[in-house]
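Presented below is the structure to which this report refers.
Labels A, B and C are assigned to the chains in the order they are written; within every chain, residues are numbered from 1.
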Amino acid sequence: MWPIIKKELRENASYLLGAFAIALFFLDCAAFDCGWILLGIPRLLMSQSTRLDPYSANAGFDHQLSGTCSSICLVLAGAIALGQVYQERRRRTWPSMAHLPIPRSRMICAKVLAGLLMYLIVCLPMALLVIARLNTPGVWPGPIYARTFLSMLGPFLAGAMFYLAAFLSAFRSARWYATKWLPLIAALPAYLLVGNVTAFFGQPLYYWQRLATHYLLYNCLASLAAALLSLPLVLWAIREQARTREY
Amino acid sequence: MRFAVNPSSAEPVYAQIVRQVREGVARGALHAGERIPSVRDLALQLVINPNTIAAAYREMERAGLVYTQRGRGTFIAEIGTSSSLAERRRLLQKPVDALLTEATHLGFSEEECLELVRAAAKHYRLRESEHE
Amino acid sequence: MSEIVIQAEGLTRYFGQKKAVDSLNLSVRRGTVYGFLGRNGSGKTTTIRMLLGMLHSTRGRGALLGCDSEDLTPEVRARVGYLSEGHPLFTGMRIGEHADFLRNYYPKWDRSWFDSALARFRLDPKRRIGTLSRGERAQVALALCLAPQPELLILDDPAMGLDPVVRRDFLESIVEMIQQEGRTIFFSSHILGDVERVADRIGIIEEGVLRADCGLDTFKANVRRVRCRFRDGQRPELALPGLLRVRWLENEATLTLASYNEGRLDELRGLGAEEVEPLDAGLEDLFIDYTAPLSGSE
């Protein structure tokens, strides 16, 4: 499996750099709520935040930063998945890959792992930046629990899930106007679920006392229901694709 | 002797090779006991399927044109006369008829025809006749 | 070792409403060089993909080396070499790295053979694949395909876009490979001159249907061109069974017959031909006549 992972990484490395640059750029913009300052990274480490509201229910993350991060994660994940699949298709190397004497499932597993690794590589600098920002004095008005970072995990995990959905969608040989993008649509409730669950568990402990009226809990349950409903759809898509043997 | 085949011809390639060997032996370009290239070498040289070459060699061996010694190669056999005189006459009749048909159409007389045959026979290794 | 290396029974594939392959039956024995011929879009690549298990057949089944195409095990795949259209290679790597990548998966990879093949093509293993010319890429692709010593080699249009020198090199490699016992080659090509040189058997597929499946010599003996000359001014209607194509030039007709024998010449004489002569025609000419639609007098 490892050689395939290496090969995938090498093939898509140039695109990763591009994606990384774009992610950094938009992160930069979001962090400053202002224009288009490309070289604002040193400024990120200075204590200049006035936008943080520590009493908001979704505290644990800068709103704008959080929003930008999650959208960046989604876009990156989608781009990496589509890039992987369509690059292979464009170069017409898929038949050679499919003919390799290894079980087909293992090869796809290797590709998916490579994709997740790429996603990790691109998200890591972003995460480090966010942590650096939070650690600068004057940005976070309270003690930082480990649980605080859990809510930051939300967008990141959602992105990983989105990657899987995008990979499956691009891979499917269904028609684009019919059921091809079904897994992506099904991924939306999953994304909500992950976002809400991690936000919920990122709360300081005393909020749990008001569990019953906590809107985040309702959010969790609602998105859990939606995710469970969409699970059969995804499973059906996977099963149908496996049956056609066109993977 | 150099072999040359034309894959586009209607004549099968193996037949072309057999024919060339026969002509080579008849003209004296190939002597008895001379080694001809192995199937492998000839296939690579002509860029032709070795199965075809092998079929040609099998055909020639069956007809007694060549013989194979394991590990040493394939060699031209002596021009053998295994069939009876009547049989051989029958086999030669067809080319003779073809020759005479063409000669008639082209307007040659019998003497001119024989003269042509005699002149060409010098280049072939016909068996020496006992009585002249 | 089984005798039949490629088997297809009633292989059918629909793309929407269009029938790409229609009830294809094929049986290739070990040791054959099989030329799979057909016009563009006739279903060659679809058939090959179905045999290799990359495309699900709507009906029918295929088998390679005795193993069902839908469930080819890695062991069987390691014994089958496949070169797909356009000689695809992983362009991000160097030649040596590509070879190392594949070497992991094939137990019978012959490293010395591969190195000598590269040396023969004068290619440095350190060169990046992206910088190779088309002919060089094809040579590398073929070398990578042959290095694992496959028992069965399936080539989809291997000579596409290559110059004559590289094509001749290809053929020589194929001839060398056939020398070894028990190797089978199944290839599709449009360069019929090359097919003529190396193929034992040919199959012609037309609009998804396998129209001919016989030995090359048999095909060339049965499908023949005949030249007839008629009396001046006569152009009789030639309605013969098995007539594929007629071309008229004044009072001379060149016909292509699908089931030729000596008797057909007499038939033509019976229709009033003064001179009847069978012609030599290469596989390319015969193929064109065989697959072109029957047109009237031209």
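One rule holds for everything that comes next: a residue touches a chain if its C-beta (ideal position, glycine included) is under 8 Å from a C-beta of that chain, and two chains touch if they have at least 3 such contacts.
Not measured: the values here are computed from a predicted model.
*Asks:* Taking touching chains as linked, do they make an open path (line), a single closed cycle (ring), a hub with spokes (star), an all-linked set (complete), or other?
*Replies:* Here the contact pattern is a line, an open path with two ends.
*Asks:* From subunit C, which chain is the farthest off, judged by mean CA positions?
*Replies:* So the farthest one, by centre of C-alpha atoms, is A.
*Asks:* Mind having a look at which chain is the central one, using mean CA positions?
*Replies:* C
*Asks:* Rounded to the nearest whole Å, what is the centre-to-centre distance of subunit B and subunit C, using the mean of the C-alpha atoms as each centre?
*Replies:* About 33 Å, centre to centre.
*Asks:* I'd like to verify one number: the distance from the centre of subunit A to the centre of subunit C, where each centre is the average of its C-alpha atoms, in whole angstrom.
*Replies:* Inter-chain centre distance comes to 48 Å.
*Asks:* If you average the CA atoms of subunit A and of subunit B, how far apart do the two points sit, in angstrom?
*Replies:* 79
*Asks:* Taking each residue of subunit A in turn, which ones touch at least two of the other chains?
*Replies:* Within subunit A, no residue touches at least two other chains.
*Asks:* What does subunit B use to touch subunit C in their complex?
*Replies:* Within the complex, subunit B touches subunit C at residues 7-12, 14, 40, 43-44, 47-52.
*Asks:* List the residues on subunit A that touch subunit C in their complex, please.
*Replies:* Residues 3, 7, 10-11, 13, 91-93, 95-96, 98-103, 243-246.
*Asks:* Taking the touch rule as given, give the residues of subunit C at its contact with subunit A in the complex, in rising order.
*Replies:* Residue list for subunit C touching subunit A: 49, 52-56, 70, 74-75, 77-78, 80, 82, 84-86, 88-93, 101-102, 104-106.
*Asks:* Using the touch definition from the top, list the residues of subunit C that touch subunit B in their complex.
*Replies:* The touching residues are 31, 33, 168, 171-172, 175-176, 178-179, 193, 196-200, 217, 220-221, 224, 278-284.
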